[in-house]
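Listed next: structures, encoded as structure tokens.
One chain, chain A, links the two complexes that follow: it is found with chain B in the first and with chain C in the second.
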Partner chain A sequence: MVMVKRKIRVLIGKPGLDGHDRGAKTVASVLRDHGMEVIYSGLHKTPSEIAEAAAQEDVDVVGLSILSGAHMSLFPRVREELAQRGKQEVLLVGGGIIPAEDVDALEKDGYARLFGPGTNTDEIANWITSEMQIRFESEGDEE
Partner chain B sequence: MSKNENSMSATGSTETVNRVDARAIWQEAIDKARLREASFSTLSSDELQSLYGPEDVDIDYDRDLGYPGQFPFTRGVHPSMYRGRLWTMRQFAGFGSAAQTNERFKFLLEHGQTGLSTAFDFPTLMGYDSDDEHSLGEVGQVGVAISSLDDMSTLFDGIPMGEVSTSMTINGPAPIMLAFYIAAAERQGVDRSELRGTIQNDILKEYQAQHAWLVAPEPALRMITDMMSYCADHVPHWNTISISGYHIREAGSTAAQELAFTLANGMEYVRRGVAAGMDVDSFAPRLSFFFDSHLDFFEEICKFRAARRIWARKLRDQFGAKDPRSWMVRFHTQTAGVSLTAQQPENNIVRTAFEALAAVLGGTQSLHTNSMDETLSLPTEKAVKIALRTQQIIAEETEVAHVTDPLAGSYFIEAQTNRLEQEAEAYFEEIESRGGVVPAIESGFFQKEIHLSAVKYQRQLESGEKHVVGINCYVEDDEGPSIDIHRIDAAVEEEQHARLKDLRSRRDPVGVERELAAVRAACSDGGNLLERFIAAAHADCTLGEISQVLREEFGHFKEPSIL
Partner chain C sequence: MTVAEKKKPIAERLLEGDRNAVARLITWAENGDTRFHQALAGIYPELGRARRLGVTGPPGAGKSTLVNELVGELRREDRQVGVLAVDPSSPFTGGALLGDRIRMESRTIDPGVFIRSMASRDSHGGLARATIDACDVMDAFGFDDVLIETVGVGQAEYDVVSAADTVVVVLCPGAGDSIQAMKSGLLEVADIIVVNKNDLPGAQRMVVDLEEAVHIRLAGKGRWITPVVTCSAGRGEAVADVLAEISRHGEHLGEQGLSALRTQKRAGQVRLAVGELIDDYLWGEAGYSQRVASELDAGRTPYEVAGEIRDAVLRGERP
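And now, the complex of A and B:
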């Protein structure tokens, strides 16, 4: 595990009406095992509810999960809602049933990484940790 | 096979070896042998012995197995099983608009399919109209969008509703959707008493696993008993609940949890029906079941056998049902979507074939086989056809359908069937000690059990204790999908908005207000809600409007936090 200066704060969000939460909850548990502070939004949240929770909890990372096919409508909307609340710097990641060309489009839209089915959960945790370490270091440089 | 027969000796050519000695010799050899793993377990992490013999299973043939079509139905619900009729090959379909799915339905009927199986989109499953703000991006994505009687009439346009049997997979707003279906049939001039089909309507597993609910559990159960009572009197050929383990398993449960939670839910519906004043035999024969078939071949077969035996014993001995049809677990099976991989997706054809074979050897009444591309998108026509052909190959080429319950009597099969029954019984006690199914839902008991099993499996996979080809063994570098995917046209959402706008402008607003008020009144005065929903459907009230009244009157379900 990569060491960082402070605990990484993560919001795992389930936007839309899709009830498939096995992946979201499993990733939430694994990130917590890796020492992160994890908040889970619960099901059936609108993009604005997720962005609001991210702002109130002052998280570093927002991870979204959709398996219903609504990702191209909802993922960009969450990013916009976050920006409206001054949270455009948050590390945005996602997962679910997302076709390859949509992954490309979302990565151009500000999503740092999309994790598909079969991804090793430790790999997700380690990737987030190392990304955040870079961000924390650059924050330190500014100070 | 009972334990008291163990003194029987095996005879050799010149000397007689005592069975106990023989087993000890074998055990010693096993203990010395070099094995591939430290321990071996089922997919659900139950430890397995290397061998099962007569001393490992306590079975009384007449008490525990019996004959097919007879109590306790361990060997099957029909005397002739697949010699009489093969299982129904029922593939689940639905996408886009009502008109698009209507075309697919007609295509399927023209090609010899006799039953329809309808998938709805998430807004419909949650009781929202296509133009609700919650529906953004979801309209028509994972199923067909149905917001009104007009949509339902379009879905069945040109299809004789008095002749086809229809399965509708919907739960929270199931009574409203059945009301739309009845009203659409009446528009065609078909009487409700002629309708045949199944509606999933299993709300308990929604709170536990699938999570498409409309209101809190108690009022949801009241709507279900209203529906069971209404259908017993007016829609006698309708299967009112398909009690579903599928979603529980897909959410991460073990085989034993799927079995136990599903049957516990089933018993809860029976209790509610009896408490509402119905004779158990007036509605229990219309209850059916829906299970997952996962990759652990033998464990799945045993699960199906145990389900039949447990339910028969409970209904006869605990609930006092006298009609043998009340004792029977008739079930649909779907192969495990969660077992499919996005990596090397063609391998999913093979996984699905093993799972389908387990369902057949377990005695399923109908079967849906998943398509190889479902971890990537909704299935393409080609993938759906291969999935259907998989069932046809089992039926036509393997010759497995000629003998009923062919694995019965295997020490291993009977020991695992017993083990699953015992694990289920332990769960029934645990649920009882938590105050019953609804309190256990409200405290998050089922949700937590399922989550812990899901995390445990993920950890076993990642530590290499469990293996999946393409994920943690035989991995290929270039793992991108090599197959076409199926996309839903985003225009469906706009078309639905226009249809609803048009409906709202031409319907009679007085009638709408009157029928919504009647629904509201029935929520508190105890009138049968299904009757009110049918009247509201005829007045062109929308799904979202009726659902909103129910949400206001009955309150939301607050998801317990289990993380």
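And now, the complex of A and C:
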């Protein structure tokens, strides 16, 4: 059998109204440099647009960049929209200006792993890589 | 989705209109996953209804913008459209930044459109195979048109062309004269040439030069003479003219011509698949790599070793 070459596919999304995507683009480039296939959504996307793109692209990971303060509503909305499309297994991560107590609350609810300002970009890439390795191995031959 | 639905064979789910099945089958096709081959057997009889259009051209010519406008035109005719947008992979890290969606962002939530970004990966025939496979998935799902947008440069675009019934080459003024286009070999794959950004100076001149180049190459009765049309995809102007030429090319091919063309392309796909299988047999885990290394260490020339490997293969000797 020809060896299966599996790639980590990531969608970097900018939900909502904030127009600052320097961070999103930086993270997208870093993940690309770690060998991932990264799709960037562009600015001002709704949660349903992000989830639909994630479904069409069959990504393993969705990364949200939120600097508008609307993270407490946007993260759950994206997760819901993903679930509606049968994509609840997608690894949801995020970054932006998010207060520590909100980070705790979101992570506890299982919404996402969050990376705040000052995070070393390699740390993000390495975390995703090792998380996906575990998932790929445990999935085996399942769909 | 219930467990029972999930258990259904993926080919069946695809034919029933499950969009996640489209996405997953394309992933398998890209990965060279053999589960795709099983699924293909289930959908193969359904294939052949979709029109497959390739859009290629140098970087910055406006391929994504034109594709987006073409999708808009096709949607006005209420046709269902699948888009495959190929962007380059880094040869160093294997990673890729896929940005074509951004120019088609208004289409994401249109249920009549499905956009998939593909990285060119190693493209040793792999991309060509994956593109044909992805077209087959979209065809079986029921899209009326599948638009394939290639990377801007290099061999990969010829690979992608091998999946299309009609190839549109997009050029624009100011990016080198028409001699550049002739050099690159782009004109040879074109069924239709589009001079985009027709509001820029030099557009008309470019059309004349290209028409001349086409006519030099393609004299002959009954042959398709590659038309040169202009448009401004960015302003949404004259895109219908491009579509009209695409339809005219389809009529020119006719049912028989299309069928012959597709058979020829399927044969190319078989060659690619055989190449990949043999390559894996030769150089995969249980392959001849070890033997090559030891023969080279023994001081033989590369050609002596190559001849020996060929003989060993022909004798049916296992590596």
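Note that the second predicted complex is superposed on the first by the 134 of 143 C-alpha atoms of A that agree within 3 Å, B and C clash if a C-alpha of one lies under 4 Å from a C-alpha of the other, contacts with A are read in each partner's own complex, and residues count from 1 in each chain.
Here is the rule we use: contacts are C-beta pairs under 8 Å (C-beta built on N, C-alpha and C of every residue); 3 or more make two chains touch, one makes a residue touch a chain.
Since this is a predicted model, take the numbers as computed values, not measurements.
Q: Between chain B (first) and chain C (second), which does A:Ser29 come into contact with in this model arrangement: first, second, both, or neither?
A: A:Ser29 sits against chain B and chain C alike.
Q: So in the superposed three-chain picture, is A:Arg85 touching just chain B, just chain C, both, or none of them (first/second/both/neither)?
A: second
Q: Tell me which partner A:Arg6 touches in the superposition: chain B (first), chain C (second), both or neither.
A: Second partner only.
Q: If we overlay the two complexes on their shared chain A, which of chain B and chain C does A:Glu52 touch? Say first, second, both or neither.
A: Only chain C; A:Glu52 stays clear of chain B.
Q: Tell me which partner A:Gly118 touches in the superposition: chain B (first), chain C (second), both or neither.
A: first
Q: Which of the two partners, first being chain B and second being chain C, lies in contact with A:Gly42: first, second, both, or neither?
A: A:Gly42 sits against chain B and chain C alike.
Q: Does any part of chain A touch chain B in one structure and chain C in the other, and if so which residues?
A: Residues 28-29, 32, 38, 40, 42, 46, which sit in both footprints.
Q: Going by the contact rule at the top, pick out the chain B residues touching chain A in the complex.
A: 122-123, 125-126, 128, 133-138, 141-142, 206, 210-212, 250-252, 338, 341-343, 375-378, 451, 454-455, 458, 462, 468, 470-472, 480-481, 485, 487-488, 559, 561-563
Q: Can you list the residues on chain C that touch chain A in the complex?
A: Residues 1, 6, 10, 19-20, 22-24, 26-27, 30-35, 89-90, 93-99, 101-102, 105, 108-109, 114-117, 119, 121, 276-277, 280, 284-285 of chain C touch chain A in their complex.
Q: What does chain A use to touch chain B in their complex?
A: So the residues of chain A in touch with chain B come to 16-22, 25-26, 28-30, 32, 38, 40, 42-44, 46, 68-74, 77, 97, 99-100, 116-118, 120-122.
Q: Where on chain A does chain C make contact in their complex?
A: 1-7, 9, 28-29, 31-42, 45-46, 48-49, 52-53, 55-58, 85-87, 141, 143
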